[in-house]
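Okay, so chain A shows up in both of these, paired with chain B first and chain C after.
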Partner chain A sequence: MGKGVAITGMGIISAIGNNVEENYESLINSKTGIAKISKIDTIHKDAILVGEVAMTNTAFETQLGLEENSWSRTSLLAVTAAKEAVAQAQIKDINDCRTGLVSGTTVGGMDKSEQYFYDYFESDAAWKYINGLHAGDSTQKIAHQLGLEESFATTISTACSSAANAIMLGARMIKAGELDRVIVGGSDALSKFTINGFKTLMILSDTFNTPFDDHRKGLNLGEAAAFLVLESDDIVERDGKEVLAYVKGYANANDAHHQTASSDNGDGAVLAMEKALKVAGLEPNTVDYVNAHGTATPNNDLSEGRALLRVFKDNVPEFSSTKAFTGHTLAVAGVVEAVFSVLALQNNVVYPNLNFKPLCKNSIYCQKQSLKKKNSM
Partner chain B sequence: MANDYFIQAYSHIRNNQIWHNGESIFTADSADFSSFMKAAYKHFALDYGKFFKMDSLSKLAFMASNPLLNDEPEKNTALVMTNKAGSLDTDRKHQTTMNDYPSPAVFVYTLPNICLGEISIKHQLYSENAFFVFDSFNPSTLHDYANALLDSKKAEKVLCGWVDFEHQKHDAFLYIVSKSGTFEHSLETLNRLYQTP
Partner chain C sequence: MKRIYINSVGSVSAQKTYENSNFLEEVEYYNANVIKVIDPNYKDYIPPAAARRMAKGIKMSTVSSRTALEEAGLENVDAIMVGTGLGCIGDSAKFVGDIIDNNEQFLTPTRFIQSSHNTVSGQIALAIGCKGYNFTYVNASVSFESCLIDAILQLRNDEAKNILVGGVDEIADHHVKSHQLIQHIKQEAVAAKDLLSSNTKGCVSAEGSNFFVLSDKEQASTYAELVAVKTFNTLTKERLETVAEHFLSDQGLSASEIDMVILGNNGDVDFDGYYNILSEGLFSNTSQLYYKHLSGEFDTAASFGFWLGSKILKSQSIPEAVKLNSIAPDSMKTVLLYNQYRGENHTLILLRRC
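Let's turn to the complex of A and B:
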């Protein structure tokens, strides 16, 4: 077992901050990003709460030097977070080794496509918004903005596991010697398409989401982009890189239960956690903190709680969900929480499980709501 | 190491008829695919209510995999399937419902790999799965993918094949690749078996 695959840079933009530092400040100060929707004119605006990124599209366009109203918000978020990650990794020449890009998204450029939906028939001016609809659009824009040439660049769209799968694919490609460096993550902007879709699934909460709480009513949607820079041991050594953390283990698994719901006993999550621990060569008792998916839907949190009990048995580590801060950022959730987990390791903290009211019918749900400092080893 | 693996069993569904290892096991004079599937469901006494919620592609894949997986004890059987039409049939249905009120029950089937999920749920397979879209039956990709899964010990067996549905036209050819069996796991065999019956 090697050390794993090195993480040398991180970038994030979410409802709780425009960069890594702002996100961390919000996390340790229990500052939620959930509020009434302000940037999309939806008929559901009084019935839902969301995690919106504060910056407007115009502000992004100015910052990135783009023509007004030319990109989808998914791409604007993506490029902003990817650039931060690359800057933190102090990459001088991105083409100095085999650098790849793996990005996850679920909505692609839907925010613009739906806005101009009725205009396509009327005029050709709106066509660029349909050309920017596909999931690969934001990936291409990141690659171009980062100056990647002839590199492996791909898009993963596997719903809420997209960015987790992107991290996994990137790490595997480095381990297999296919790439020396890979930027992995994802981006999803809020859109009517997602709001209406989740409304139809009837899993949106009309209040602040309350992960693992006994009275949880569902999720709040969020928007975000986040990326990690993964590098091989050779590149870390060559450039004398500071390593923020290592990707040691990963896995995905088939839950064999339902198209959209998780099994009540968390079969898929158990398999994935067990396989990830095996890949990492770690025993369950070496885990200090689990940043749970914790979407605050009745189904997810029950399934995930049971899975934690099955994997960790009598020694369930401290766990919390940060969805109460950011909302459920869909394709990006896996990498948002990877960034938060690296920050947790660096600072020895366990984030509060906001909005949770202790009831303690079942002892593993009795997590504290305040920030916790862990003793360093 | 292609010669290490064999085709353990195979099935076809074409023109309202189902074959298992080349022998016809059911046929019906049905006016449409849906009634053909309903007749087959009754004939095999499947007792699986979820079947009727499935889209046509899932029904086709489910019915073709059934004779192969019913008595299959190996649960680490991966699923690798391919087709040409993707989920177009259901995509069109979904598009039609958008004129009125889109149904989530239709929407969930607007991906071809959902049929692999249905098979996994029925036979409780927690294994690897993948779905690819090609212009035509592509034995070489299936062959290489199955061998890679077996060589890397990601699976003990692989259920592979072609399941295509569009405009009532249905074409399924599924087979299990295993460490023992009658036919050698080779491109020649796959091409030959695909074309029979």
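Let's turn to the complex of A and C:
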């Protein structure tokens, strides 16, 4: 039998807060982080809304004791969130057991690469960023900042499922007894690369994103980093850790439908949800809340809605998407929403599906807009 | 513990490896600092219309993954895992260039889509209709090895029976030129035979795509048993031998029981010292092999080393071109691979003859 996988620490920085507490306050007060872009000079600045992290790079660098303009924003966000998670888990020596690190990112150091793309050949001022494009760079910086040595540290880049996959890999390694503790999560900074890429896909909304709404127009990009500390039963017992929640089930499946779109019938999502429930040994009717991917693109929310109907049939639990708060944080979405879900479990709440206007034509899209307190089980 | 088998290989590299019947009988000795692959006839694998805008990494991987699937006798697999340092970096660089040159206007999605690191694993899944587990690891020189670790976990825990794993990276102009500035890539061409004595900074940069089917069942096509894989984000020269010995003792082996070591020397004067510690120390009396003078260096170059080890164990022969010393092994049963890049992301892999 596999072993338990406990979550003993969480850290997050997103458009709705610089730490777990601030994020939770925003969630329960329906405070969105979506606004006009302020930190990137793009010609699309009046045509899009984004979920930007409030702090400037300089503020991060001061906080982390770095020289000004020394790291990619992806790394700055990553280290900030990872340190919060490790602090909450009260880890004194990161190498006191077999510890691993699994981080997800889509852009890596692209924010700096695009800034200095041609400048590299003019002067050596920004040469420190040349090797920072590769996705493992931010992971190595986290490892270094946490003092992790001679360890398993890797990076996953599977677009918007990256951090969810990082959680899954960490959980599987603990369950298999390969590692005792794994720091899992992800980081993605906004960049012109991403903004323009999504622009070409024509799925960016020019308004506040409205997940599951009938008139949804597309997504707002966001930036964030978030990490969880996963620990084995043995470490929890050894250190007398407080357990925030357990990772019970997980799965990854592929639609094999299209490079950038989900199938209309949600095959991939159905396979993943069914397998996750199976791994957890839980029946669908035991699920109280689904924090949906809900990007607010027409395609995603349709596919996901159909998948929910197929898995839960006529007993779909309450669900909402928190993308209206944070924007779509790409690689990080899965762990941002894992942090929110742990907070939902701890506080017994279901977050509002902001910006959703109930039409009730289709019953499963009839979610409440306000925060809901669940009856305690 | 359940045994894991390498049931097939598929390789597109700087050598003529795309046909599995070949095993470095003819060797291309380059005199270069950047090496491209020897292209198979992509038209045999990809419709020309689709191939036109297809990134090189996808093209190479279409050939190598299909070669591996065919040799394993499989039309589909339970999981696909791809390691890549930079994905289809050529398209990423072009997209960034277009953003700057055209002031964020007149952009098309193809280059952006192909920039996504997981585009290769996604394309393979699309091509064979695989709805199973689909992962892409992107951590410099442990990208491919992360796939191996994940695949071993899945096979040992009965989550999958056949898994397609691969490593792929492509050459792109901006990447090469910028990395030459910081001396990660050699400034001057170097002859393959002189690579390890070049005494210059940086590597000979290259590209390639190597895929394998890993399985929990041995079959006629099986190359070798994949016994163990371990990665280390940091490792000092002082600790290297101890860590390697621990890795072997975990498998009940000592250094003297290793028949061949395959080392990742890339001719970088600043970092080949790691390999020298093993070749002059723990494995000084062992048959030593190397390959980056033939494959060049890239984040997933170790997948070429993995191909080499697999081929040696199956064919029970060692190509002349890969011999680093003159010691002939008494038998060809166990192979240890060691790789690192710029002193970081070290990996150890143990293979055994079936």
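By our rule, the second predicted complex is superposed on the first by the 373 of 377 C-alpha atoms of A that agree within 3 Å, B and C clash if a C-alpha of one lies under 4 Å from a C-alpha of the other, contacts with A are read in each partner's own complex, and residues count from 1 in each chain.
The definition used in the following text is that a residue touches a chain if its C-beta (ideal position, glycine included) is under 8 Å from a C-beta of that chain, and two chains touch if they have at least 3 such contacts.
Only a predicted model underlies this, so the values are computations on that prediction, with no experimental measurement involved.
Student: Once both complexes are superposed via chain A, do chain B and chain C end up clashing or fitting?
Tutor: They clash: once the shared chain is superposed, the two partners overlap in space.
Student: Name the contact category of A:Ala256: first (chain B only), second (chain C only), both, or neither.
Tutor: After superposing on A, A:Ala256 lies in contact with both chain B and chain C.
Student: Would you check which partner chain A:Asp267 touches, where first means chain B only, second means chain C only, and both and neither mean what they say?
Tutor: In the superposition, A:Asp267 contacts both chain B and chain C.
Student: Does chain B (first) or chain C (second) touch A:Phe121, or do both, or does neither?
Tutor: Only chain C is touched by A:Phe121; chain B is not.
Student: Does chain A have more residues touched by chain B or by chain C?
Tutor: The partner making contact with more of chain A's residues is C.
Student: With the two complexes superposed on chain A, say which partner A:Ala59 touches: chain B (first), chain C (second), both, or neither.
Tutor: In the superposition, A:Ala59 touches no partner, neither chain B nor chain C.
Student: Touch check for A:Ala87: first (chain B), second (chain C), both, or neither?
Tutor: The answer is neither, since A:Ala87 touches no partner chain.
Student: Tell me which partner A:Thr42 touches in the superposition: chain B (first), chain C (second), both or neither.
Tutor: second
Student: Which parts of chain A are in contact with chain B and also with chain C?
Tutor: Residues 200-201, 253-260, 267-268, 271 of chain A touch both chain B and chain C.
Student: Where on chain C does chain A make contact in their complex?
Tutor: Checking each residue of chain C against chain A gives 80, 85-87, 92, 95-97, 99-100, 103-105, 107-109, 112-113, 115-119, 121-123, 125-126, 129-140, 142-143, 146, 149-150, 153, 156-157, 174, 177-179, 181-182, 184, 230-235, 239, 243, 299, 344-345.
Student: Residue numbers of chain A touching chain C in their complex, please.
Tutor: 2, 42-44, 101, 105-106, 108, 110, 113-114, 117-118, 120-121, 124, 127, 130-131, 133-136, 139-140, 143, 148-159, 165, 169, 172-173, 176, 178, 192-193, 196-197, 199-201, 252-260, 267-268, 271
Student: Quick one: which bits of chain A touch chain B in the complex? Just the residue numbers, please.
Tutor: Counting only chain A, the residues touching chain B are 200-201, 253-260, 267-268, 271.
Student: Note which residues of chain B are touching chain A in the complex, please.
Tutor: 102, 104, 108-109, 114, 117, 120-121, 124-129
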